[in-house]
Amino acid sequence: MKFGARNQIVATVGAVKTGDVMSQVELQVDGPSTMASVLTTDSLQDLGIKPGDKVRVVVKAIHVLIVRD
Amino acid sequence: MKFGARNQIVATVGAVKTGDVMSQVELQVDGPSTMASVLTTDSLQDLGIKPGDKVRVVVKAIHVLIVRD
Amino acid sequence: MKFGARNQIVATVGAVKTGDVMSQVELQVDGPSTMASVLTTDSLQDLGIKPGDKVRVVVKAIHVLIVRD
Amino acid sequence: MKFGARNQIVATVGAVKTGDVMSQVELQVDGPSTMASVLTTDSLQDLGIKPGDKVRVVVKAIHVLIVRD
Amino acid sequence: MKFGARNQIVATVGAVKTGDVMSQVELQVDGPSTMASVLTTDSLQDLGIKPGDKVRVVVKAIHVLIVRD
Amino acid sequence: MKFGARNQIVATVGAVKTGDVMSQVELQVDGPSTMASVLTTDSLQDLGIKPGDKVRVVVKAIHVLIVRD
């Protein structure tokens, strides 16, 4: 399977915070950073993920903001 | 300085591809992944970045898609 | 494979317009509408799609704007 | 009225799930797919939509991810 | 006509830069700021806008990043 | 500090609505418009903003939709 996106990162699911409409998933990636995703609670349930699961993280390059100090 | 976004990653600028309206910047991050950003060529010139520069990469969590195999 | 997104549509690739940094892909879906995706030309080449190919179209619900007449 | 976006689909409002800050609207479109939008609960109330209403769905092409099996 | 988005600003079209796939439109708004939109060149032609035209600018709140110094 | 985004607006924080996962911040800008941002409640707390604070609002140009009457 291939994705039309420049950013594809392997991650491990961390804490999951389930809200009324939206939910938040912490994602552990290699290196010093952690990541997070917000998705609908419906999609979270369809995914059926739980802490420790391996997932793929996909981000289109146009959503990546560069900041220079 | 603080950002209202869950994903904040330190990166090193890699190859830069300058287009007529949009440009693409490769970003080296810790770990096995590389990332990329697409921004306007105007913003690229305002940033004044070149390969080797340290930058910060900011992505709002709602732009992060989780895929499960 | 499962996606953390509410909108998942089967489509057939139509015309492809390849630009310097970004490319545009027309997508034929069931019903009277056509859709389109813009992605980096690099991602287009990685996908290796051509007119007539079947693909899946994924859109997070937060990117869908409702307009009422 | 014209929109600067490639994806413009006529839809019928389905179930509405109203949350504390964000709300989710199911959208019935022609063909086998359903769609969904997430918007602020404030915007939902401003729209004043209810199940059965006809709406227009607008998505910029850069938010459309192509996935190839 | 109503939009499911929190940010709706009246603007005047400024300079237009037409690219191979994407185009950029400068937007003059009240106050000291200027804004800009990037859209497909196809959508730009469908809109048929030129400098001096009055348009409406719509941004969903989830695309707005807050930065604190 | 520089941002790879065309839209950078100075704003004053208005009302804040804190939800279970997502929160909404009203933003007063010069001119007749108000703006709003939705971010995770975690990011809101990290920002530590309250009504009256001065912030910077950053929006990438690809998230700006032009509508013509």
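To keep things simple, chains are lettered A, B, C, D, E and F as they appear, and every chain counts its residues starting from 1.
By definition in this document, a residue touches a chain if its C-beta (ideal position, glycine included) is under 8 Å from a C-beta of that chain, and two chains touch if they have at least 3 such contacts.
Values in this document were obtained by computation on a predicted structure and should not be read as measured data.
Think of each touching pair as a link: the shortest run of links from subunit B to subunit D has 2 of them. Any chain that touches subunit A and also touches subunit E is listed here: B, C, D, F.
Interface of subunit A with subunit F: the two copies contact each other largely through different residue positions, with under half of all numbers used appearing on both sides. Inter-chain spacing, taken between the CA centroids of subunit A and subunit C, is 21 Å. Chain centres here are Cα averages; for subunit B and subunit C they lie 22 Å apart. Put simply, the C-alpha centre of subunit E and that of subunit F have 16 angstrom between them. Here the spacing of subunit C and subunit F, counted between their Cα centres, is 29 Å.
Contact of a single residue of subunit B with at least two other chains is seen at positions 1-6, 19-20, 22, 24-25, 36-40, 42, 47-48, 58, 60-63, 65-69. Taken pairwise by the contact criterion, the protein chains fit none of the simple patterns, being neither a path, a ring, a star nor fully connected.
Under the contact rule stated at the top, the pairs of chains that touch are A-B, A-C, A-D, A-F, B-C, B-E, B-F, C-D, C-E, D-E, D-F, E-F. Against subunit B, in their complex, subunit E makes its touches with residues 17-20, 22-24, 36, 38, 62-63, 65-69.
Subunit F contributes residues 1-5, 19-22, 40, 42, 58, 60, 62 to its touches with subunit A in the complex.
On the subunit D side of its complex with subunit C, the touching residues are 3, 6-10, 24-25, 27, 29-33, 35-39, 47-49, 53-69. Contact residues of subunit E toward subunit D in the complex are 1-6, 25, 37-40, 42-44, 46-48, 60-61.
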